[in-house]
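What follows are several structures.
Consider the two complexes below, in which subunit A is the common component and subunit B and subunit C are the respective partners.
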Partner chain A sequence: MNRYSHPALSFRCLTTVWALLLVLTGITVFVSRLDLGALNIWAALGIATLKASLVVLYFMHLKHEPRLLKLCLFIALLTLASFIGLTFFDVLYR
Partner chain B sequence: MTMQRDATAARLGMWLFLFSELLLFGGLFLLYAVYLARYPADFVAGGRQLDLLLGTGNTILLITSSLTVALALSALQQGRRRLCLGLLCATVLASLLFLVNKGVEWQAKFDHGLFPGGARLEETAPGQKVFFGLYFVTTGLHGLHVLIGAALLLWILGLVGSGRVTEQDPVMLENGALYWHLVDLIWIFIFPLYYLLL
Partner chain C sequence: MAKQNDRGFLQASDRQPLLFDWIFSVDHKRIGLLYLYSVGAFFLAGVALGVLLRLELIAPGPTIATAQTYNALFTLHGVVMIFLFIIPGIPGAFGNLMLPLQIGARDVAFPRLNLLSWWLYILGAFMALTSLFSGGGPPDTGWTFYVPFSSETPTNVSLALLAVFIIGFSSILTGVNFVTTIHRLRAPGMHWGRLPLFVWSLYATAWVQILATPVLGITMVLLMVERLIGLGLFDPGRGGDPILYQHLFWIYSHPAVYIMILPAMGVVSEIIPVFARKPTFGYKAIAASSVAIAAAGSLVWGHHMFVSGMSDTAILVFSLLTFLVAIPSAVKVFNWVATLYRGSISLEPPMLFALAFVFLFSIGGLTGLILGSAATDVHVHDTHFVVGHFHYVMFGGTGFAFFAALHYWLPKVFGRMYNMKAATIAWAIIFVGFNLLYFPMMLVGLHGMPRRYYDYLPQFQQLNVIATAGSWVLAAGLLLMFVNLYRGMRRGAAAGSNPWQAATLEWVLTSPPPAESFSQPPQVTHGPYDLQQAGKP
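Now for the complex of A and B:
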């Protein structure tokens, strides 16, 4: 047996995630047609982040990966967030 | 052959590579964010000129292809090799359809003079020039990743077909699938930021 690979996710689990992703795509298109002012971009980013989490956790099996890998992803995202955050510290207060 | 393999380490290596891809696209998203803050009205005007139908269609295509490649991995792990091959074929087909749609979309933009240096774009506000510049760079780089991902999956399809990637040793398919999911992930952010601006 292959003891290094994680257990196969069931077809039912994967299809449920896919259906959720399609529903969220529908919601993000619908919400973008409403005029919410500055809230539009935050709603779009929020829904995209939710979709991305579903893909990462289930399609990419992060849920079943060792803690080391989860920590690595966290650090990578933190790095990206600090790049964006620090840039805006400069850009917004010029 | 008694080669030692560690699938967890192989996946960790793949993830480290994906982080570098994340930062590559992260730089483009950072540029987008800064210029959106500077030219909000021009970005909205630019986004309105993108084809929402093609964008949504491509989103559905990529999400579905992400599903088929995830199913292909599960099928291989369950020892259903033929199903795995079929699902990989479907994934490659979806990626080609995505590129055809992208080509149609780009062609329309070129026909309308909406490209860097194009007649119509030259007359518009500076913010729209930035918007379309970023649009072409970001979707172009993403399209290149789709092309590479499709080639990678086609190669892995051959390896599964010839029995070199198997139920016992699926790490190649696992990593190929990870790459394909990254391509999907990036599109999940490109779609609302470029096509759904209002």
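Now for the complex of A and C:
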């Protein structure tokens, strides 16, 4: 086994993640029908981030990758969050 | 030392025609030269357009072009200079040429991807040029493609957008390649504290290329969709938001300013210690400031939008963040000056261009604070002051650093030296012409002359005449510089492997470097500017 290989994920783990994604999709639809004001955006983006994290961590195996790769992806995520967040300083207070 | 007849990587192979030998080469040095020739050609085209623009503005009213042609000229000048020269200029040409050599690697991590990157750049450039002669005529929106005008103008904006989209991919691929190369291919002993500062600057730049450029791609696609099927994303009549376009555009295009200037700062950081014969003052601070500029610079795009109708809260936040970028920028300038302090300074052409960079970039940076402060920005927004300011940063900064890099590294690349006296005279003419051209622009802007206007009031003429005369002086200096460099690279005296007595790894190799740069990975035992330890006191 070289340094880039890792054990295969179990069927149980993958199914659990899939089920979680379905539940989170349901929550997204449900929350979109509530009027929470600006919190609607936070909720939608928060759930989307959680879902994307599950996909990247388990389906795309990031969980088993070296710390450097995790850090690189985290920086990308943080940058995107900053782009969206700073844009909302305009949209929310206009 | 290189033998006179040893052409290193420039040696033609007998396996395929010469042209194919170059345009399908995966050698980083050849790809670097392909970029150098391409960006050089586009730079000259951009200069020609700029001189024509200035000629039009020598007097009020029509001079040499119609208003529509003037709009097309400044759009083309902007697109060519920004997307085809400044952004790919230093990373594409000198990054490719020098990055692997400076870290002791045989090539970049993904050589084929590197070649694809150049091909995408050429494809995008070809499409940008095609947009001039096809469809509804040359785009007339300015390089920013602002809505609603860009979504409605009948000119050939869609093809120009596609061109920018493709060139963006080229930039992303270069970024991915450089980050991977720096992480994975450093020679033994080349730890992060020994990386040349040019490499540090390319590393920071590469991250911005990877993280910000996709936003430009998305924005161009959204605008194309808006134009082609009228989706209504940016049209308030259909529930869209025109300011959203400005956010999306500047989320990329302000960090792009750092894609342009960071490698330029890296070049200057290489040259100053070599020609001051002193180790860099504050190596770690300069390296960290590259990363800090990349990080903070990605969060300040809103300062382009203070008068767009954006919220006051956002103006406050973006103004504050803009001022923060001045800190790491000033860290660099102070460290360069401290490196010069009590150094044994030799004013050879690369150093002259590097010092001009520090002077002109400081003017450009400080005038940027006038624009970063919301109160003063309201008065000078969209005036010629802005045009003068960003030319001081982009041309006085990146342009001069590019020229510094040409004079510093071309003797290594071609193994031949140019005429020092002619280079020094060219530098002086360029420096005078540059200031004659752009300083009056800032003054006329402060007097209230708007940018992008075809016509102007008679009281602005005097400063416009000075600026136009400056453009001729500048063009003459550039001509002398390029002719001198060309003659030097063709017929100059042998430069030797290390004409500047520098301590970074590229100077260990023969000039021109061999096709297989390092047959064995070099063992790095000292820092990049430890001239004493490198035996180059």
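The criterion applied here is as follows: the second predicted complex is superposed on the first by the 73 of 94 C-alpha atoms of A that agree within 3 Å, B and C clash if a C-alpha of one lies under 4 Å from a C-alpha of the other, contacts with A are read in each partner's own complex, and residues count from 1 in each chain.
Everything that follows uses one rule, which is that contacts are C-beta pairs under 8 Å (C-beta built on N, C-alpha and C of every residue); 3 or more make two chains touch, one makes a residue touch a chain.
If you're wondering where the values come from, they're calculated on a predicted model, not measured in any experiment.
Participant: Using the touch definition from the top, say if A:T16 reaches subunit B (first), subunit C (second), both or neither.
Facilitator: Neither subunit B nor subunit C is touched by A:T16.
Participant: For A:P66, is the partner it touches subunit B (first), subunit C (second), both, or none of the two (neither)?
Facilitator: It touches subunit B, and subunit C stays clear.
Participant: One more residue to check, A:K51. First (subunit B), second (subunit C), both or neither?
Facilitator: Touch status of A:K51: first partner only.
Participant: Check the residue A:T25 against both partner chains and state whether it touches subunit B (first), subunit C (second), both, or neither.
Facilitator: The first partner, subunit B, only.
Participant: Is A:R94 contacted by the first partner subunit B, the second partner subunit C, both or neither?
Facilitator: second
Participant: Return first, second, both or neither, reflecting whether A:F83 touches subunit B, subunit C, both chains, or no partner chain.
Facilitator: A:F83 contacts both subunit B and subunit C.
Participant: Is A:N40 in contact with subunit B, with subunit C, with both, or with neither (first, second, both, neither)?
Facilitator: After superposition on chain A, A:N40 lies in contact with subunit B alone.
Participant: Report the partner of subunit A that touches more of its residues: subunit B or subunit C.
Facilitator: Ranking subunit B and subunit C by residues of subunit A touched puts B first.
Participant: Under the contact rule defined above, give the subunit A residues that sit at the interface with subunit B and also at the interface with subunit C.
Facilitator: Looking at subunit A, the two contact sets intersect at 68, 76, 79-80, 83, 87, 91-92.
Participant: Show which residues of subunit A lie in contact with subunit C when the two form their complex.
Facilitator: Per the stated touch rule, the residues are 68, 75-76, 79-80, 82-83, 86-87, 89-94.
Participant: Considering only the defined contacts, which subunit C positions touch subunit A in the complex?
Facilitator: 183, 207, 210-212, 215, 243-244, 247, 251, 298-299, 302, 309-314, 317-318
Participant: For a test of understanding, state which residues of subunit A touch subunit B in their complex under the given definition.
Facilitator: Within the complex, subunit A touches subunit B at residues 1-2, 4-5, 7-11, 14-15, 17-18, 21-22, 25, 28-29, 32-35, 40-41, 44-45, 47-48, 51-52, 55-56, 58-61, 65-66, 68-69, 72-73, 76-77, 79-80, 83-84, 87-88, 91-92.
Participant: What part of subunit B is in contact with subunit A in the complex they form?
Facilitator: Those residues of subunit B that touch subunit A are 5-8, 11-12, 15-16, 19, 22-23, 26-27, 29-30, 33-34, 36-38, 52, 56, 59-60, 63-64, 66-67, 70-71, 73-74, 77-78, 167-171, 174, 177-178, 181, 184-185, 188-189, 191-193, 196-198.
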